[in-house]
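First the structure, which I've put down as structure tokens, then a few questions once you've had a look.
Per-chain residue numbering starts at 1, and chain names A, B, C, D, E and F are given in the order in which the chains are listed.
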Amino acid sequence: MSEAVFEILRKVTTATVTTMLLKKGIRRCWMSGPKPLVPGGGRLVGPAFTLRFVPVREDLATPESWSAPISTRAAIEEMPEGVIAVADAMGVPSAGIFGDILCARMKKRNVAALVTDGVMRDLTGVLTSALPVWCAGVAAPASVSGLTFVGWQQPIGCRGCALFPADVIVVDDDGAVVIPQALVDFVAHEGAEHELYESWVFGEVEKGVKLPGLYPPNDDAKARYAAWRNTRS
Amino acid sequence: MSEAVFEILRKVTTATVTTMLLKKGIRRCWMSGPKPLVPGGGRLVGPAFTLRFVPVREDLATPESWSAPISTRAAIEEMPEGVIAVADAMGVPSAGIFGDILCARMKKRNVAALVTDGVMRDLTGVLTSALPVWCAGVAAPASVSGLTFVGWQQPIGCRGCALFPADVIVVDDDGAVVIPQALVDFVAHEGAEHELYESWVFGEVEKGVKLPGLYPPNDDAKARYAAWRNTRS
Amino acid sequence: MSEAVFEILRKVTTATVTTMLLKKGIRRCWMSGPKPLVPGGGRLVGPAFTLRFVPVREDLATPESWSAPISTRAAIEEMPEGVIAVADAMGVPSAGIFGDILCARMKKRNVAALVTDGVMRDLTGVLTSALPVWCAGVAAPASVSGLTFVGWQQPIGCRGCALFPADVIVVDDDGAVVIPQALVDFVAHEGAEHELYESWVFGEVEKGVKLPGLYPPNDDAKARYAAWRNTRS
Amino acid sequence: MSEAVFEILRKVTTATVTTMLLKKGIRRCWMSGPKPLVPGGGRLVGPAFTLRFVPVREDLATPESWSAPISTRAAIEEMPEGVIAVADAMGVPSAGIFGDILCARMKKRNVAALVTDGVMRDLTGVLTSALPVWCAGVAAPASVSGLTFVGWQQPIGCRGCALFPADVIVVDDDGAVVIPQALVDFVAHEGAEHELYESWVFGEVEKGVKLPGLYPPNDDAKARYAAWRNTRS
Amino acid sequence: MSEAVFEILRKVTTATVTTMLLKKGIRRCWMSGPKPLVPGGGRLVGPAFTLRFVPVREDLATPESWSAPISTRAAIEEMPEGVIAVADAMGVPSAGIFGDILCARMKKRNVAALVTDGVMRDLTGVLTSALPVWCAGVAAPASVSGLTFVGWQQPIGCRGCALFPADVIVVDDDGAVVIPQALVDFVAHEGAEHELYESWVFGEVEKGVKLPGLYPPNDDAKARYAAWRNTRS
Amino acid sequence: MSEAVFEILRKVTTATVTTMLLKKGIRRCWMSGPKPLVPGGGRLVGPAFTLRFVPVREDLATPESWSAPISTRAAIEEMPEGVIAVADAMGVPSAGIFGDILCARMKKRNVAALVTDGVMRDLTGVLTSALPVWCAGVAAPASVSGLTFVGWQQPIGCRGCALFPADVIVVDDDGAVVIPQALVDFVAHEGAEHELYESWVFGEVEKGVKLPGLYPPNDDAKARYAAWRNTRS
């Protein structure tokens, strides 16, 4: 996974990513939950860095736990530059996993984005941190009111998706998708080609062409696309 | 159903439509789910054109199915100008029923709006198409990842509402309501009168009048409203 | 509860309020549901004024009921200036508890805000009324299509929280929290101190300080904070 | 409401009760949740005695609260013989409202049954108490782990139904229905007649008669039923 | 689809049916909802006969509708002997689709079973009818309190499954599965073979054999199974 | 944790366990989901052995995965005698985690019980295996149709509870509770004493004693209990 392939992926919509993965039999790749905290911010791509929570237990989720070797603080310090952190918060809607300070530290460390099926807290502060966040909403209470942090870089689930540390994450206004490591090159190159084809179809529709025969294309449409495609390479 | 009655309905809020229908014993007329993709875009009115999906089955929901005689593409080509397409997607949150290309074609055919209890895909592209959409959110995956299209202009359900092809749809920032064909004239004319009355009440409240005796009105308030009403006709 | 303590609370985020209450063993103080209808509008504080609905019953929830001694209209006229009205609508998503006229009357009576686990109707009109509202969305149908109003200033539940008339409500972009009357002073003063500490931590993070040892602080960080704190009093 | 009318109601299924209430425009009369803890135990009828819970708040839901004047214990001592206690537990699935001891005391006081949208605890002990219970399941934790008791004989909601102290409750294997006081006589007498008619229809079906024309009846079927009916009075 | 293949399928568990369909890429074949009203009643197989409901609309779901050409009564008279009726009730939990009389008529017509994602009413009467039923529970209210019947032998959805009239249904204590017509022979014959293999594995486990190497089998286990299998044909 | 303390715990209801843990500030100890597959089977106690699933991913959840070093088969062979296996299946209702063969092997290895927030498959076969199971229902499809197994003896969540390998599990007809290792002795001894006290209260209620003053006890009741208690030691 080079930066070059990431650069290609940045021009492939998450919608197209899911279509490319469907060609390989992967249907469970979109996280039904995380949405951009600030829509319209474009597309981000990076390797996954996983975080895992289990439910709160009152003897464990204490202020003391924040100084423990296994803590969200320690996890953040382990994050390499450019990763997209993905936190499995089991979809809990009432305990904000991170607030302004942790987000500011992640931003400082050049983490690309944070994705979670849980929620954030202190919305104003999180926005101030400028960390790009995909989440399921906001809540005032802290993570310890509903969650116990148990580790990082383990396999996790996030709203119907399985994620492993070596996977690649793409996020945009449609949400967050995961690409298994072995399929990243395929998705990038086929996806870019697919985007080109769809841009041609969109132009045809603007001209008034009917959908049947165009999308999917019949032989005539294939030929017209091929001609147009040739003029571009 | 003339354009004239639609013109009246365009000034009646969906809130008032539900109140008028309640007078006729109809409680199930608001779809609990579809929201405007772009709030603040005003009110639209049109006859319903129904679309129906059932869950995906892997032997049927294939790319080949997109070229079949019963396909979303074929359905779109059947839509008359001015209709509001209503798609029963069973509230599935993880399969975008339409993306930019299908929306662009609907816009080209002068479809007034698209309403669904499901979700859209490729949000940026859908916004570019400029088709007004009321839906339950967005998702990256295509319809075939969760849904099978089975036909158009059949009776459908949409988040608690029954819809039939001859019904009339009104959408605004409160969501989407359905008016049975036989009640369209009643709702338009009574509704317009009701809007006038509420505008007078709002003015009274602005002047500091208390609610009891005003809303609903006692005899004194009725008389004052009648006097004001007379000055307007 | 003086205005002075409310003035302090207006500078304490709801996130911090929940952390202070957790120190006193209170975990159930944030309402999982109400969100600001207009985000970015700042923080409001006031004593709770409770409203209670039960489900609709067709022989009771009638237009006549709106003129009854126990009605939402009567309740509004009982609201003292500065209160935050909190309505237990059992989270019903399909019946708007209040529309433009009732909100306008509340605004006229200087009610500080309306909080509900239910929804509003006539969004455009509610925004026109300028009453600050925290709710779970909007719906076109009126309250009587789904709810029966049964009284005010009783104990209520609101999305996982118990509320009693003497409690204090704080709302901001993270939602709504309730402070038991006996803990208001503690939360205000400890909370203000906590905000100061977090602002110092945020500054340290901006300088590039690592989280472990800083948040929570080790002895060195405590000393540095104390020094900084002294320069400010 | 005499015992005589209750005696008639004991032979009317809850299914028929809902059909009779529908004739009077009442659709919201069945509680979607409470099921018999011991199915097959027959039908019970009695006036409602309401109990109300709100969510737990840690400063209020304490062991001390069990000795307070407003407590479940005090409520039970107020229950007249023959009532059906209905507890609004807001459908909370994880806090058992009553266990063996409170049920045993209710049984001792000749309470007819307990109905709740919540759950019981200590299933074995509750069964030993022999109190007939309609509930939504069982949980080990006590009510104070999730609920605060706030009073009795107030209006309540129970899974979509409004209940008032003067209402009448009927429970059988289909669940629990509420009859508004003013409609009890109508439901009992019309309901008994309806049961007779349905028993005749069932017999016709056993003989092989087709449904169209029989149920609902055409003129011929009406005449045959009238003849049969006459032989019975 | 001969009776012979149905006879084979009656010995194949629904669990095994899903495993065979997974081999053909079909994952969506089990209905998440319908459970046997009387567990322990064995396995039934038959062609699907579909029924479709949409939500109630008060101007349509009336007693008069029961005599209409499109009615549940008319649909029942169209059911061929041996079919398994599958009703799409959109999972509505509060309106019983059929009661004792309709079930009795279906039984009289030798319908094999009724499957629905909805609920039944008049549990006692339905049990008396002796019609085998797979459903999601019971409710007292009639279908017209929540549903409008719109037709039969159309494509339907049932709790995550698509069903078409030519499909085959298998029901047992694990619930209900659908087999696409084209795969019935494959599922029956491969499934029967798979049952035989699993019965041998179960015996091996009873003898104390470890799972790894046995299930799935390594070469040694394959050889031992082949030897055992040969002794049986 | 000796067998002696387990022997005491076997006489303490899960209801009482939650009450004892509440005294120590632990509210999140009951799993809201697992129910006994065969009610009335008594109480079981054992150390937790955790299993963890994440959602399915089609490139990973394959038949080949069943032979992998990290597989449910391998996990079962690691289970010590007497443990209670607890599987975090994220509450997925449509993929049976284990069927007859895996349950039979667990039974053979003297595993005490299986607890899961997920579901089983092949109900008849599981009952034949005689392994005591607490689960959330049954489904026909195999685990690979919805889940990927990722490991054992890790921290897990199970319907609102955190579980760690050293915890102790108690299951009975009220469901499943977890006792943190450090509190096992306290819960066992205090719990046994509490059961004795409740049995005395139950006897008093049977004699007709009122609840206020008895439960919780006033001074008089305390004295009477002490006297009775003394006669028993």
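Here is the rule we use: contacts are C-beta pairs under 8 Å (C-beta built on N, C-alpha and C of every residue); 3 or more make two chains touch, one makes a residue touch a chain.
Bear in mind the structure is a predicted one, so any value in this text is a computation, not a measurement.
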| Given the touch definition stated above, what is the smallest step count connecting subunit A to subunit E? | 2
| message | Keeping to the contact definition above, tell me which chains border both subunit A and subunit B. | response | C
| field | Farthest chain relative to subunit E (centres taken as mean CA coordinates) | value | C
| Contact-pair overlap exceeding half with C-D, pair selected from B-E, D-F or A-B | B-E
| field | Same or different contact residues where subunit F meets its copy subunit E, judged by the half mark | value | different
| request: Name the chain whose C-alpha centroid is farthest from the C-alpha centroid of subunit A. | output: D
| query | How big is the gap, in whole Å, between where the Cα atoms of subunit A centre and where those of subunit D centre? | reply | 49
| query | In whole angstrom, what separates the CA-based centres of subunit D and subunit E? | reply | 32
| request: Between subunit A and subunit F, tell me the centre distance in angstrom, where each centre is the average of that chain's C-alpha atoms. | output: 36
| message | Can you list every residue of subunit A that touches 2 or more other chains, as numbers and ranges? | response | 25, 27, 29, 160
| note | So the touching chain pairs work out to A-B, A-C, A-F, B-C, B-E, C-D, D-E, D-F, E-F
| query | Which bits of subunit A are touching subunit F when the two form their complex? | reply | 24-29, 54-60, 90, 148, 150-151, 154-157, 160-163, 180, 182-183
| Which residues of subunit F touch subunit E in the complex? | 63, 66-67, 71, 73-74, 76-77, 93-94, 96, 99-102, 104-105, 108, 121-125, 138-142, 144-145
| query | In their complex, what parts of subunit D are in touch with subunit E? | reply | 13-15, 17-19, 22, 27, 29-30, 32, 39, 160, 172-175, 177, 198, 201-202, 205-206, 208, 210-212, 215-216, 218
